[in-house]
């Protein structure tokens, strides 16, 4: 397994992530195990033990310390990778803010899992969506191949903009499902991902320090600069996704439209549910219903303009949220409503709480919901569906 | 795409922040006199030269010493060392052995042949000095250093006065005396030996031929013990005894001698007599603990087998066939307010007899003032002088035992120095220097004793008693160099900056800067905490309130 | 008199905002000057964070990363690993933390870094409480000390951090005091040349927090050492104990008397403190003697 293959391999989503990490050659990889992220860690430690990965592997006592080490390593000019899930991500919360404020370029993989309590280990995106105000770039992946490709693209993006990036895929549905994955050649990745050379870092020759207490105006300015960087993300990830496509034949966009061109109704969702939705759309089309799918790959920063352009003129949008934010409902639902607010020719937007807690959502379910809600009166609240 | 410049990395140092504005007091460096300096009759910069010894700069130490006293070897042997009594270190453990260190430096100078620098200029003014004892020699030295022409008149055949004729060799080896005197004379002083200035008329004539005269003829008249027949063959005055024995002459006095008195001279007589094989008893008015001699002298005398009969007074003497009987009485002695003053009463039934062969009264000497009648007046038992040691005759100055009751060798040396400064100013107004005010001395509490761990004083080695009694070899032995350096290191160096860097290195604000020969406080940053003052081992920094 | 021998190399600047007379600034000055320029520091919130910084100024010459309160050792590990990965394994990585960030909230990360034997020099400026927030108790606050959160005096003893660290069997642990700068300098030098985890705990009498006069912090630390309240010693590999100041030369009374946090202590409470100090001293003696 030391020999880097350039052909297809049968990989789980998590092992595809480990392969991506290996190809990106992070200088430092602080890792703490948690179900269902653990296979990512174990494959990396396997690579490391076998000498196939030269990274400084750091196995601290908590995700909190893992993220602390990520931040300081990144500020020291190191390429940094880590992975977590659910409770681990929530434990990091304080530091997720810190990582962005420090303008690090950390790439983190998160396996979406229900947060406790009660204890559960099921696919649900609340863990990462709850971090939406931290300022991390958030990307949601549908398949093992996409997870691999997105990790590689994220390093390019993060290191260019000095914004940390979190890529997410759903527990088990993606993390543990196996498919043939094209693992690109190391040379290809080396050519695609330039060395990390931040302008500011902890450099003994410079002696400049980061994180000293500041005044109100400087804090304010730091947020404006963060906003300016965020404004660049959507275009940048688009460019990077297309460049990757040119090299590998697999091109990526912040939003992916499936049969949306003449659609009367569009399903909007993220992550593994997109695959199921695609099947449902095909069925619906076969039944003569002009349905389409809008896959949200980039959730933060929210690609507002792209969403508005994609949905303008479509009569009905049905958002499937595999998460529940108490008091608000489905998070993507709320986000979409706010993006479309005041837009001309905006669709009516239904929000469905679908598969919260990891419940299985079948193509049949989606097909039924589309039929039902396309004609239904729009409720402002997200609706629980099964 | 252009990278966003990050505004969050520091780009400058805290030096732009002037924390000196927080302060309400600023430290300053001060050189305050040490208590030893305050007590020293010659204003010897003791803290300074001890520091030099400790840093193994022995020549530097000698230069500092001889600025004030040309006799470090002598003073290091016989000074009554008020410096040691006043030493701040006595509050911690024991005084620094200053005398032994002065002797160390003085002896090193003699051994290595260090000479005084010649005067930088020759001046025409002529000064006559009458009396070649410690005061006269000290004055001669200080005046000659300043370029004046000095004629030194001594009544006896050799210079030294009391040093030569009063101090026994076991305390001061004569070769030391000779060398330290020779070194002074080598500066270019004209000496006139066997040249006694007999009376006021001679003095007047001398005054006419010189720009100024310094009179330091000492106290040559023995005090008389009332009721004692000085003409009796069993009585010999102490000064005569010491002069004779110091000159190597024999005195036929019989086996058992009674020395009357409790001062240094009495000890010198007793111990000299002991070395000449006599049995010796000391009879003193003072109780043992109040004997005016230095304690070491008393202790050494006892070691040498001298008997002490204290709190006792001689009432009469009866001469017999084989010796004499001294009829004595016990007294109740009460010291007075000033040195030398006392009151006493006889103890009822305290009469006792003492048999002996001879009596040597050693109760002190008086100045011979009558000789100068017409020129000089008396002020009590001494010649009247003003604050600058000038007598009531213009241009005639006086000092030493003639003009003071402070009858110590180093007091005389100090007086000679002070008179020389005054004479220089008198004959040459451009050389007037105001005597610096010694100022408040550094108190013990200003010393941070954390830097001065307790350490016993070097118990300067002494000759074994049996060896002492067989010769006039010096009792006190010199300190070896390593021990001297170590002993000098016990000095707190009160009030003198030792450039130890404590203030520089302790400042939490890096606000002490090194400058040539010391330190300065950077007022831009000093917050006025006073840590430098607290951690100064020598009490050389203080805080000054700022408005 | 033994001269203080640390070299002033300009690693620490005037103009920082420590309280007048603060010996944390002094200890920082000694540590930084002894470590030199080839170093990176990680600083969790603490008085040292305030002293080092105040954007856009820095009072230290080396780069400093200000991290979160509980992350000191983890962040320092991250810096060290990054430097190793970038081919600079010899650069010293310092973690400069307070006792809150060490004994309390940072203990988990510290324990883990110790267990991993990370190559960092962790310095705890131990002022026995949360002094930067105005003086509340930490687990380093000693018995009977009054703080903002223990107005009647703390009911329990100070946590024995050295023993906790010794149990990790790290290469080097030492205590140090601003009253013994040569000892501190020697320990920093020694620690700098050891690969692996080194922890230095420096007692920092806090002027406002302990109620000590502006010019007395060094004297207070000296009393602590002399009374055996804060013994100066080293532990190598968790087992080899060496005492640097060999004697406990005075009772605790004068040490307590110079601090307002111990004001109005009953004789009984003073005796309780003395008993604790004596017991701890004996335990330390036993360890020093290999028992």
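Just so it is clear, A, B and C label the chains in written order, and each chain counts residues from 1 on its own.
Rule of thumb we're sticking to: contacts are C-beta pairs under 8 Å (C-beta built on N, C-alpha and C of every residue); 3 or more make two chains touch, one makes a residue touch a chain.
These numbers come from a predicted model, not from an experiment.
Colleague: Could you compare the number of C-beta pairs in contact for A-C with that for B-C and name the larger?
Modeller: Answer to which pair has more contacts is A-C.
Colleague: What chain is most central when centres are computed from CA atoms?
Modeller: C
Colleague: Quick one: subunit A and subunit B, Cα centre-to-centre, how many Å?
Modeller: 92
Colleague: Go ahead and note the Å separation of the Cα centroids belonging to subunit A and subunit C.
Modeller: Computed from C-alpha means, the inter-chain centre distance equals 43 Å.
Colleague: If you average the CA atoms of subunit B and of subunit C, how far apart do the two points sit, in angstrom?
Modeller: Centre separation, subunit B to subunit C: 51 Å.
Colleague: Can you pull out the residues of subunit A that are in contact with at least two other chains?
Modeller: In subunit A, 208-212, 214, 218 touch at least two other chains.
Colleague: Can you list the residues of subunit B that touch 2 or more other chains?
Modeller: Counting only residues that touch two or more other chains, subunit B contributes 8, 10-11.
Colleague: Residues of subunit C that contact two or more other chains, please.
Modeller: As it turns out, subunit C has residues touching two or more other chains at 53-58, 61.
Colleague: Enumerate the contact residues on subunit B facing subunit A in the complex.
Modeller: 1, 3-11
Colleague: Would you pull the subunit A residues touching subunit C in the complex into a rising list?
Modeller: Result: residues 27-28, 30, 54-56, 58-62, 64-66, 68-78, 80, 94-95, 98, 202-204, 206-215, 218 of subunit A touch subunit C.
Colleague: Help me check something: in the complex, which residues belonging to subunit C touch subunit B?
Modeller: 1-4, 6, 8, 12-26, 29, 53-59, 61, 179, 181, 214-219, 222
Colleague: Under the stated contact criterion, what part of subunit B meets subunit C in this complex?
Modeller: Residue list for subunit B touching subunit C: 8, 10-19, 22-23, 450-452, 489, 498, 500-502, 504-511, 522, 524-525, 527-531, 533-535, 537.
Colleague: What residues of subunit A sit close enough to touch subunit B in their complex?
Modeller: 101-103, 160-162, 199-200, 208-212, 214, 218, 221-222, 225, 228-229, 232, 236
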